[in-house]
Every structure is written in C-alpha cells, then in structure tokens.
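Both complexes shown next keep chain A, but they swap its partner, so chain B is in the first and chain C is in the second.
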Partner chain A sequence: MARMKFLCDSDRCIDCNACVTACKNEHEVPWGINRRRVVTINDGMPGERSISMACMHCTDAPCAAVCPVDCFYTTADAVVLHSKDLCIGCGYCFYACPFGAPQYPRVGNFGSRGKMDKCTYCAGGPEADLSEAEYVKYGANRLAEGKLPLCAEMCSTKALLAGDSDMIAQIYKERVIKRGYGSGAWGWRTAYRETVAI
Partner chain B sequence: MLTKRRNGEVGRTKLSAITAGLVSEAVDRRTFLRRSGLAAGGLAAVGSLQLGAVKKASAAGTAVSGADVVIKKNICTHCSVGCTVTAEVVNGVWVGQEPSWESPINRGTHCAKGAAIRELVHSERRLKYPMKLVDGQWQRISWETAINEIGDKISAIREKSGADSVYWLGSAKFTNEASYLFRKLGAFWGTNSVDHQARICHSTTVAGVANTWGYGAQTNSYNDIRNAKTMIIMGGNPARAHPISMQHLLSGKELNRANMIVIEPRFTRTAAHATEFVRIRPGTDIPVIWGMLWHIFQNGWEDKEFIRQRVYGMDDVRKEVAKWTPDEVERVTGVPGDQLKRVAEMFAKDKPSTLIWCMGATQHTVGTANVRAFCIACLATGNVGAPGTGANIFRGHTNVQGATDLGLDVTTLPLYYGLVEGAWKHWARVWEVEYDWLQSRFDEVPAIAGRKPRSRKENMEAPGITSTRWFDAVNLPEDQVDQRAGIKAMMVFGHGGNTVTRIPEAVKGMGKLELLVVADPHPTTFSALNARRDNTYLLPICTSLEMDGSRTASNRSLQWGEQIVKPAFESKNDYEAMYLLAKKLGFADKMFKNIKIENNVPSAEDLLREINRGGWSTGYCGQSPERLKAHMKNQSKFDLVTLRAPKDAPDVGGDYYGLPWPCWGKPEIRHPGTHILYNTNLHVKDGGSTFRARFGTERNGQTLLAEESYSVGSELTDGYPEFTMGVLKKLGWDKDLTADELATITKIGGNNVDAVSWAIDLSGGIQRICLDHGVIHYGNGKARANAWNLPDPIPVHREPIYTPRPELVAKYPTRPDERQFRLPNIGFSVQKAAVDRSIAKDFPIILTSGRLVEFEGGGEETRSNPWLAELQQDMFVEVNTADAGDRGIKDGQWVWVLGPEDGAKVKVKALVTDRVGRGVAWMPFHFSGWYQGADMRSYYPPGTDPVVLGESVNTLTTYGFDPVTGMQEPKATLCQIRAV
Partner chain C sequence: MKTGLTLRAFVLVAAMSLAPLSAPVFAQGTPSGKNPTADSVNEQALFKQNSKITGRISIPDGKAATLEQPQGREWRGFHEGWMPWIGAIAILGMVILLAAFYFTKGRIMLEHNEHSGRKILRFNSFERFTHWMTATCFIILALTGLNYIFGKRLLMPLIGPDAFSTISQWSKYAHNFLAWPFIIGLCFMMAVWMADNIPNRIDWEWMRAGGGFFDGKHPHAGRFNAGQKLVFWIVTLGGLLMSISGIMLLFPFAALDINGMQIFQGIHAVIGVLFIAAMLAHIYIGSLGMEGAYDAMGSGEVDLAWARAHHDLWVEEQQAKTASGPQVPRRPVPAE
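Up next, the complex of A and B:
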C-alpha cells in the first residue's frame, strides 16, 4: 500500500485559502472548525512565507499515544483516523499534536468540548466506506472513490501536494532542482521523522 | 491579513424562516434532503449537537445520494482568470465540486472563492423574491407587480425628464450575451448612460492601450507568462486578486529562472515571492517608468529596430524622459536610482519581458497616462507581439473583458464601434430596426447655461454619464448637467453600491432619486444605506452559474458556461428580467426580433449568434455557440503554454483555447482566434497580426504605417492601411468575393460601395479575402508612443489631487478644470484648495485600497458565504508600525480613520504591519454594511444580510477623475488615523 502524506511547498504557497474552503465545501465543515488553515510567518516582511497546515497523519502519531480511549487508528494507507463514537472530547490529543490539528465544536473543560474533529485526509472514518453514517460523522471519503484530498487537488499554485510519500517527494525534489531553491518539506521531520533529501 | 477566528454562530437566520418563504419550483438543497429522506445533520451533529453553536452541515455527499451524478461545467463568477468550475449535480441539486483538471487555465485548481463557489447558489442569504420598500419597510411582491410598477415609473420619469434621466448600470458579472442585451436595452430605451464596473477598474487601460496599438486588452495570456524571462508586476497583487494566475507566474519564474519584479507601495503576498521588490509612493507610476526609460535610453538598451519599424513618436517620449533623472525620480517616488537601473536593465535585456498591471495602475486621475507609459516601456524595449512579452493586463471580474467588449460603456455601442452615425447604422442593420426609430428614442437637449443645444442625432452620438459620477448628476444643480434633466432613476443590475468613491455624496444622491431598482442575487449596499423610504425595488437575479452563456476571460478567450442548476428561489436570469422589462416598455418584439424566446427566457445561443453577426470590428464574429461548446468538451486537447489544439484534434483542431478575440470571419472559415496580439511571426490564419492602422496613414510628414514589418506570409510586404471595398478593388482582390458577399456589401454601401469597410461588412467577405492573402484587414500600422488625441499625448506626471507632497503640486499639477461626460471635473480647484488649506497637515497619511483573496468586488456575494466570511470577519486598516506607535495604536484595536472630504470617518480595526511603508495606510474595498461607525444590518431585508459587514473604504475616498474615462481615484488620497 501507499504511504500517504502531505507536503506544502512554501515557495509556492500564496495564502489563497483555497485549501481551507475546498475542505469546507467537500465536507460541509461547520463555522468555527477548520480542518485546514494557512499560517503566514514574517508577515509583511522580507522572508514572508505561508504554509498550509492540517493533520499531517504522523508516523507514530502523538495524538494516538495520548488518547485515553484509544479512538485513533492508522489505515493501511498510513492515514490517521479516529472514531467519534469512542472520542470523549478530553482534549489530550490537542495538547499532544505538534500541528494544532484537533478541533472541537465547543469551548470547555472535562469532556464538554464535544467530539474531536480533524482532517481525515478525505478518507472518512471507521464506518463502512461511502456509507451515509460515515459521511455524516466524518465527511466525504474521496480515497475510497480513488481520489486524493480536495485541498491538495484544488491548490491554486500546486503548492500543497498529497499522495504517496515517494511520489510527492519526487515531485518536490524535481521542482527544487529545476528552480534552484527550496525551503524543505515543512513539518516532515516532526511528522514523519525524515525529510526530503535534495 | 487579519484573520480572527472564533467559535460560535453567526447571526444567521433560522432555517425554518427561509423554507417558509420558499415557493420556488426549483428543488433546493434542503428540500432535496428532506425528500431523499436523508436527515439533516452532519459532521457537527454527532455527539456535539448544540443548536446555535454550530451550523448544521446539510448537504448530501455524492456517495450517499445513490442517484446518478451529472457533471456540469461553468466558469467561476469571481475574477477574470476564467477558471472552469466542475459541478456534480444530483436530481437538480448541486451537491459537490470536483477539480477541473482538463481546463488549460486552472488545471484543477481554485482559490478560496472558486473552491467555495457552490455556496453562492444555495446561499440562504440570497434575495429570494422581489421586494419593494414601502415607508421604510421591505415588502414582498410578485415579479409581475414589480415589472409593472417599475415599467410604469420609468415611463413616467421618461415622459417628464427624458430618457437620459434613467441611468442603466450593468455588470461585469453578466454573461457576454446579457452584457450585449443590456447595451441593446439602453439603445432601445434611448440613452448612452449605460455603464458597468470596467469604469472603475480598467476603463483607463482600455482607453490608453487601444490608443497605443489598436485594441484595449491583454495582449498575451496568463498561460503565456510562462515564457517570460522578466516579469514586472506593477500596481497589481495577483496572489490576492488573481490567485490562479500565480500558478503560471510562479511556474515561469521557476522554469526560466525568471526575474519577478514587484513595483508597489506594499510588500504584498505577491511581493513575498518576487526576486525584487520596489516600494513606491502611491500615484507616482509615470516617474517610475520614465525613470526606468531614462536608464534604458541613456545606455542604449532600447530595441532600435523594433522602434524604427513599428513605433511612432518615440523621440517625443525621449524628451519627456530626459527630465526624469535618477535624482528627480527618487525625490518624487522614493525609489533609489541604482535599484531602478537594475530593474530597467533586466526589463530591457533579459527578454522576453512582460509588464503586468492591475488597478494600482489604472485607478488614478492619471490612469490613462499611466497605462500609456507602461505600453511605451514595452514598445521601447521591443516587448510586444511575441511569446513571453506584452502588456499582461489582469482584468477584474469574471466577464469584465466581455462586458467591456460588448459595450457596457458610455462612449460606445457593442464592440467598440463608438457612437458615430456609422456605428448606429451598423447596429441598426444587425438588429434589423430602423435607424430613424432608434434616433427617435433619444432626447433633444435644450441649450442650458450657455452650452449648445443637442438634436436627437447629436445626443445619440454624445457619450453618457460615467458610473463614477451618477450621484453628481443627481446632486448638482440641473444647469451643471448637460442633458435634458439630471438623473432621476437608477436601474442597477449586478453592481455593488460601495465600489465607487465618495460614498457620502452617493448617499445624498440615493436619497434624491425618484426610483431605485436593484436587480441582483443579493440586496447590495444600495439597500442598506438607509437613504430611502419608498420607490425602491429589489429583483432577485440568479448567479451566472444558474444560466447558459459565454464569458470572456482577461486573455480574451471565450468560454461557454452551462446552467448548473435552475435559478434558486424565485430568482430569474438576466435575460428573462430584461425581456420582461422590454415587453413592459413595449419594444420586446423589435428588440428580440431574431432571438428565440421560451417561457419568457431569451436563448443565449441566439444572442451569441446575433453578436457574431455584428461583431466584425473586434473579431467576435467567429465564436459561434457550437464552436465554444466544442472547446468546453475538448478542454484537454489544448496545450498549456501555447493554448493551441493539435491540427488533427476533432472539432477544435488548430484552434486556440476559447477562440480568443479577434477570431475573424464567419465561424465556418474556422479562424483559430488570436492568442498573442500583434504577433507578426505567425500567418494571420494562425492568429498572427500587426499593430492596427487605426489612426490614419501619416502625421506631420511621418508615416503611421509599419516599415518593412509584416506578418508571416503576407502578400503585402510593408505597412498598409485598413481595408475597404475600395482598397480591395485597387488590389483587384474584389473578384474573389462570392455573389452573396458582393450583394451584401452593395446593399450596405448604397451609392458609396467603396467606403464599406472590413468592420461593417456583414458578409465577412472582406475579412475572408484578406486572410486568404495573408494580410490583416485592419491594416498594418505603427503603435503610437505619441497619442496626439489624448489630453496628455505623452504621459506626464501629475500629483494626486490630495497629495502628501504639496510642494510638488506647483511643478506637477493636475489637469485644469474641464467639462467631461456631461459634468464639470473640478479636480484642479479641489487640488488647489487642498494645498491652500494645508490638508496634508491634518491628514498626513496616504490612503490606498485593494483586495483580499476571500472576497470579490463590493463583496456582497462573498461576504454572504460563510466558508469565506469566516476567514475575514473584520474590516481593517493596515497601519505602519511607526505610524501606529506615534498614535498609540495597538494591533487589533479599534481606530477611526478620517477622510478629508465631507467629514468622513470609518471605524475599523488596526492591523499594524510593515507591509505598508511609513506614511501609508491600506484598506480592503470589499466591505460595506457599516456607515461612519453605525451598523446598518437592520436595514437589509430580513434574512438577506451578509454574514460579515464592515465599513466601506469608499466612505473615505475622495474627488478625482481621469480626464479620458472618468476613472475615480481610490488609490491615492489622504487620511488621518486615531485610536477609538
């Protein structure tokens, strides 16, 4: 099976937020929850860069390590998913996640946050693929339809890449060699304990 | 940008309230869900159901619908890049969006707006049924009542005050067919006051560029920028305004290791990706360009052969440029000489080079002169008419190019024929109506205030009032307005009320109107300014995603969009609304003589065929609906860079994508369209051409025709004038005309057949024969560095009306007061008063405006879309850290921004950033719904208020108009900022 990853080429990202609204559109994500967002550093100054962020679907995911009810699981495609039936909304995963991916519908303590929600890599959840129950809880399952996450597919400058690790790393490498610069596969060392060697 | 995200519900209407008002036959998403038995609910519903805390997600994914998915393709309604939108439709409901991989323009991608466009159609905040204002309260009415009352009222106003007292404001969001129909409606009504958003975005581009080399449009394309080795982006921020274009720009930058130079007052998101950023003072574009040319001429980097063969008047430019030494340029613009020298060298030597511009260049009192200077920079370095070069002008709205082409302009009939007698007679022939009848529709204008009277014919040939000044034509004393009476009624189709400068004056004008009609998917700012209590109508119009028709992207490619779903709620499309109005006014039979009508809806295909029959001047004649539909079906056949399909591709072989105009001759001769204008390296049948011989053949003893330059395969191997029947005869080529063609030409010419030109020959014979001989019927002329018919034939620097540098006004004053477009333009007096009263002391900060990526134009549509609104919840002003420090302003705090006219003030949040230089503040222009500190939400018809409201920057923007087009000045004025 493929090892699915995200790679954001910050030399291409223009902070257009297409990834954010594509996600909202595909999964009808409610107001206040952002499975994906764009972060800009050095805003307005030379060296400014923007990066699109979501759950990176880590190797040995820290969220899974801290979850008291063990609601996380990793699919054969290495996508990190969770069960909203098991989730108790404790918020531990939010504290463990290096990328700030877990989102909650409410603000509060002691399980009153509601069920955690995060990027599913457009791969649904534990329910049967493409079932109504899956859609209602987790949104669309594009992977089961043979498609990739819509955020990456719709990325305006093709900065956000999704797909098999080897393939997207290869695309990025070729791009960097061709253009002569690249600031690296952002977040990869944290998420996957490796980086793209150029 | 300032993106404050918060949890919780927006003040949104209860679902039940909306469904209660639903009488539409079209099945909306929610009705569909009920019928399909799929419970409402969604992501948020499980385990976290807390009504009021989150919006219930409620669309069916395609996977759960179990029904057949139909794929429909239309074009994004936001910017002019022209991204294809691929919609998944189930049982008449738009349930999902997929990437449009096959489109050579967007290749699957979207920006935030395009990726969220599905919501526009289903938006709960759309105007759902016609409404009228009765004693300050909105009342629901039927379409029939609305059309009857509106028709009666404008007829009465016409009777009393004349046809010119009704203003027709159209839209850049119209399809081509609707744009054309709206201009035709204006003509049949009997006025030239028909305008649209191009007035306030690129009117100066159109005028300046057309006056330089023939046609006022982008010379190359977004895709072609991939060929450039140097790109200068000046007065544009494509990362915000045209995000998909950045795909092509960044690819060009990467693949060619190209120079990407951004010349701007702000360090924008685009600048963050540039190889060089040049910060300038707003309103000093001409000195910057002349400063570059100073280095180019000084070092002999200009393209001497190109200038000799193809440019007229460059020596006159040299004289003006000589004044702009590096020291003077730095004094006026703030740009150091060595940086400008480096940029100039790249532009002149690392060729091909392209100059990309947008509204930072055009929205000035010197807008036309600015774009002329830009064109001259391209001409001087030989950067026009080849891949990777050119004036790549990024237009604004989705179809602002098409709407401009099709004559939503106070100075011309469709397709730039102008308003002269020949133009009216041409369109009268196409429309098959009597010229005399058209003339009878126009007012006679009496002599007022010592001005000459105008006969009906003269009035028919006089430009109307520009949209930037409609309220001046209401507010000014009647003797100042050069028509029968001032403006009494506004018919506003698809146009925001907050995009024009000087809103306090507009509010006064709105209050005085006898009638205001707003036809739009949303109620717009016009309904929320609380200036009126009666005689105001709102007509719900569907988005162009809910109708068939073509649109012209910035690169002149036409794309056919098919109706994705039926118009939502009680909305109707533009065609139907205009048909009903024409029927009520009694000229529908004449106006729709050759247009099929079904259930009151005119056929988009027939409208395009009529455009084809009359569109010879601009090459809108070859793009039949059949050809355009074949292009949409075969998108994958077109090359990413050349935009051309292989010769052997079925249906579209050899065509350029979207048959970019000019696409000459009748559709049957299969001209491929013109990807790159004025490219002499191609045969005219392959989209080659020359500069247009539009301005005569000789001036002051110098030829205006090209010298030893011609397009590949031309039988005429030097410059030549434009073709008429007479020229054809001289060359003996008239023998190639078919009998039918000759009969048509003879009929048009009457007793002067030789005078029939290529542009009015309805047979297309002259064009066909010219193409066969490898020549271009519009002639082979020189581009004009000196445009002697313009107020400033050679662009000269003029300080903004409200300048922070009053000491420069004596040397660089604005133009003298003058009457333009039926109104006085007193810019000089205003500038003088501002200097005399030392306005710059009280208002020391330059205010400029621009775009966000999430919102579009006036923003009514996009601010009503929660997916977008969530990302930009507050109107703000960018303040430099030093200026903020001086005033004790912290990031995120509320501030008052004060303007120098009308005591204007707005309350917004401060975004403290060094993106703007010291002494410069910037505000986005998409907001409205607050006015001078007051929240106007309650004045919207219930349930139609946008999610996000905010102050409009145009409450602060000030006087100032371009003398050629009446363009406003929202990019360089003054303000003061104070903590609340």
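Up next, the complex of A and C:
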C-alpha cells in the first residue's frame, strides 16, 4: 500500500486559500472548524512564504499516543483517522499535535470541547466506506472512490501535493532541480523524522 | 506591415518598462538582480531562531497561526512516558507505606483514660459540610483525573473501548463540573480553618516530640497539631495550584498559548497525583489508622478526655471561652 502524505511547495503557494474552501465545502465542515489552513510566514517582508497546513498523518502520531481513550487508528495507506464515537473531546491531541490539526466544536459549558474533528485525508472514518453515517461524521471519502484529497487536487498552482510519499517527493525533487531552489518539505522532519533529499 | 511594426515597438517598449520590475525574479546573475530564494524563509533556519514557527493567519482562530510546534512531541513524551510512572510511584508508594505502617504498628487505639463519656463539639455543621463537600468532589476529581492517565491502561482492557469511552465521557463532565464545588469548598476551608493553622512554637515542640507516635506521650497541641496543620497547608496550596491550573485547562487558550497549555497540563497532572498520595495518608489516619479520629468529622463531637489528651491547649481555650460549656474534671469526681 501507499504511504500517503501531503507536501506543500511553499515556493508555489500563493495564499489563495482555495484548499481551505474546497475542504470546508467538500466535507460540510461547520463554522469554526478548520481542517486546513494557510499560514503566511514573514508576511509582507522579503522572502515571505505561505504554507498550507492540515493533519500531516504523522508516523507514530503523537495524537494517537496521548489519546486517553485510544480513539485513533492508522489505515493501510498510513492515514491517521479517529473514531468520533470514542472521542471524549479532552483536547490532549491538540496539545500533542505539532501542526495544530485537531479541531473541536465548542459545545456546552466553559471551554468544553465536543468531539474532535480533523483532516481525514478525504478518507472518511471507521464507518462503512461511503455510507451516510460516515459522511455525516467525517465528510467525504474520496480515497474510497479512488481520488486524492480535494485540497491538493484543485490547488491552482499545484503547490499542495498529495499522494504516495515517494511519488510526491519525486515530483518535488524534480521541480527543485529544474528551478534551482526550494524551501523544503515543510513539517516532514517533525512528522516523519525525514525530509526530501535533493 | 505598419501596424505590425507599431505593435512590435509597443511590445518592446512595454517589455523594457517592465524589465526593471521583473529583474529580481528572472534576471539572475545581473548586478541589480536578486536571488529570489536568498531571503526566503525555510523551516530549519526558522527553527534555529525560534522553537516554533508562527505566521499570519486569515481566520479568527489565533492559535491556528502557529504553523509548527515540535514541543507537542515533548509533551507527548512527558504525558505517555513520565506521567504514568510518576502517578504509579506516588500513589502505590503511599499505599505501600500506609500498609507497612498498618501491619507493623497497627491502629492507633484509644487509651482507656481517653473515654469520659462527655462530648465536646470539635467541628460544627458548616465545617463538616465544607469538609465533606470538598472531600466528595476531591475523590471524584481524583478518580476521573486518574482515568485520563490509567484508564486506557487498566480499565479499557477489562470493559472494552465502547463502555470505557462512555465512562470517560461522563468522567470528563464530572471532572469539569465538580471542579467548581471543589474550589468553593477550598475557599470555605481556608476561611474557617486558616487562622487555627498558622504554624507556631507549639508545632515545633510537637514535631520534635514526633507527635507522640513513638513514646505514646501526647505533646501539647492547639486546635490542630503540626501534622494536621501540614495536611491543611497541603490541601490549601495543592488545592490552589490544582484550581489555578485547572481553570486554565477549563478555558483552553483563554490566557495561555500552546506551550502554556502543555506546561499547565503537566503541573495539573503532577500536583494532582502528589495531592492524591497525600490525601490517601489523610484518609488513612482519619479512618482506619486511628480509633476515634473519624468522629470529629463524622458526628462533629469527640470525647472530651480524648480531646484533652490530643488537643489540650484547644480544650483549655474552649473551656475558658464558655464557662457553661462542657467541662471535664481533672480527676474523677465522686458522684454526689
């Protein structure tokens, strides 16, 4: 099976936020929940770069390790998913996640969190593939339809790449060699303890 | 032909006028040109400057501006690596200590001369209400808190993930809601008992006499002896630390950033297990460990002779206050 990853080529990202909008629309993500976001570093200064960030589907994912109810699991494609039936909304995964991926609807008292929501790599959840229950809880399951995550698929500059680790690393490598520069595979070192060697 | 030339000239002029603008990007190597990536940010360089990477975000969620915080992995290392051990050693260590004490020294029994049949009020109903409200909250907070660390390791294998998740969900609600009566109880306890718990010279003497644990003689003590004062201050300081860190966790990111949240969660967890260990000792000595100790917080009344033996200075004080209050003769009085 493939080892699915995201790679954001920040030398191509134009901060258009279409990935964010596509994600929200594809999965009917409620207001206040952002499975994907674009962060601009050194905004307005020379060398400014924007990076589209969501769950990186880490190797040995910290969220899964700290979960007090063990609601996370990793699919055969190395996508990190979780069960909203088991999640209690404690918020630990947000503390552990290096990328700020877990999101919580604010429900009830104080700052109380509802069940966690995060990027599913468009791969749904533990329910039967493409079922109504799966869509309601986790959104579309494009992977089950043989498609890649929508954010990357519709990226107008093809800055955001999704797919098998080796394939997207190869695409990125070729780009960097051809154009002569690249600011690296953001987050890879933290998420996978490795980076794209050029 | 003419139009063609004009157009060509126009394109040329336009290209020339644009050239200075586009030079930094396309004309590498020209003296005025600039390497487009020379100042571009890159991850490794940013991590050298800062422990996390933060930028600008166009959504209202401020914490989303943190692009990467590898400290999450450290927090994970603490929470999954250290915390179960800290908790297990603190709590099991205390249980073993108390068991060893119980099986070697046994219960501390009432002495026969500590029974006069007359009672003195040690804790009034408000004090008892405050104690038990706080204590009940504490026990539930402790169990639901320990569930966050040990639940998946001990309970989940026994009852399965679904039942465990349901229990944990209710545990979370209990933990969040009972925090408030606990905090209120803590404030009440400080209000009613702090004055009697200020350490003084008598406590020093009491400590030097080992509280009478070893020679069986009762050193002088006021309303609270040094050991009880220690419990009071553990509860007060531990409770305040738990309340402050707990409120920070109840209102996530209201006052702290991600690293602040991680640190406060760590403080809450470590102080929590130490607090639980200390309270196990308090529960032991107040129930199983010492005969008659429970009555003070149970009915609120203790035997006057017991009070005179254990809290002689307090009894004198009470008797001086109320001449009509319960008096115990210093030596047996013949019935008239």
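Just so we're on the same page, the second predicted complex is superposed on the first by the 193 of 198 C-alpha atoms of A that agree within 3 Å, B and C clash if a C-alpha of one lies under 4 Å from a C-alpha of the other, contacts with A are read in each partner's own complex, and residues count from 1 in each chain.
One rule holds for everything that comes next: contacts are C-beta pairs under 8 Å (C-beta built on N, C-alpha and C of every residue); 3 or more make two chains touch, one makes a residue touch a chain.
Source: prediction; values computed, not measured.
Enquirer: Given the touch rule stated above, what does A:Asn141 touch, chain B (first), chain C (second), both, or neither?
Expert: A:Asn141 contacts chain B only, not chain C.
Enquirer: Touch check for A:Pro68: first (chain B), second (chain C), both, or neither?
Expert: In the superposition, A:Pro68 contacts chain C only.
Enquirer: In the superposed arrangement, which partner chain does A:Arg49 touch: chain B (first), chain C (second), both, or neither?
Expert: In the superposition, A:Arg49 touches chain B and chain C alike.
Enquirer: Have a look at where A:Gly32 lands relative to chain B and chain C in the superposition and call it first, second, both or neither.
Expert: both
Enquirer: Which partner does A:Gly91 contact after superposing on A: first (chain B), second (chain C), both, neither?
Expert: The second partner, chain C, only.
Enquirer: Thinking of the overlay built on chain A, is A:Asn17 touched by chain B (first), by chain C (second), by both, or by neither?
Expert: In the superposition, A:Asn17 touches chain B and chain C alike.
Enquirer: Mind working out whether A:Glu132 is in touch with chain B, chain C, both or neither, as first, second, both or neither?
Expert: After superposition on chain A, A:Glu132 lies in contact with chain B alone.
Enquirer: I'd like to check the shared interface: which positions of chain A are touched by both chain B and chain C across the two complexes?
Expert: 11, 17, 32, 34, 37, 43, 45-46, 48-50, 85, 87, 89
Enquirer: For the complex, give me every residue of chain C touching chain A.
Expert: Going by the criterion above, the answer is residues 35-44, 46, 53-59, 61, 63-73, 75-76, 79-80, 147-149, 151-152, 156, 161-162, 164-165, 168-169, 171-172, 176-177, 249-254, 258, 261-262, 265.
Enquirer: For the complex, give me every residue of chain B touching chain A.
Expert: 5-10, 38-39, 41-48, 50, 53-64, 96-97, 99, 108-116, 118-119, 239-240, 243-244, 246-247, 250, 253-255, 257, 267, 269-270, 272-273, 277, 853-854, 866-868, 870-871, 913-916
Enquirer: Looking at the complex, which residues from chain A come into contact with chain C?
Expert: Against chain C, the touching part of chain A is residues 11, 17, 32, 34, 37-43, 45-51, 53, 62, 65-71, 85-92, 94-100, 109-113, 181-184, 186-187, 189-190.
Enquirer: Residues of chain A touching chain B in their complex?
Expert: Against chain B, chain A makes touches at 11-12, 14-22, 24-34, 37, 43-46, 48-50, 84-85, 87, 89, 104-107, 114-115, 117, 130-132, 135-141, 144-145, 150, 153-158, 175, 178-180.
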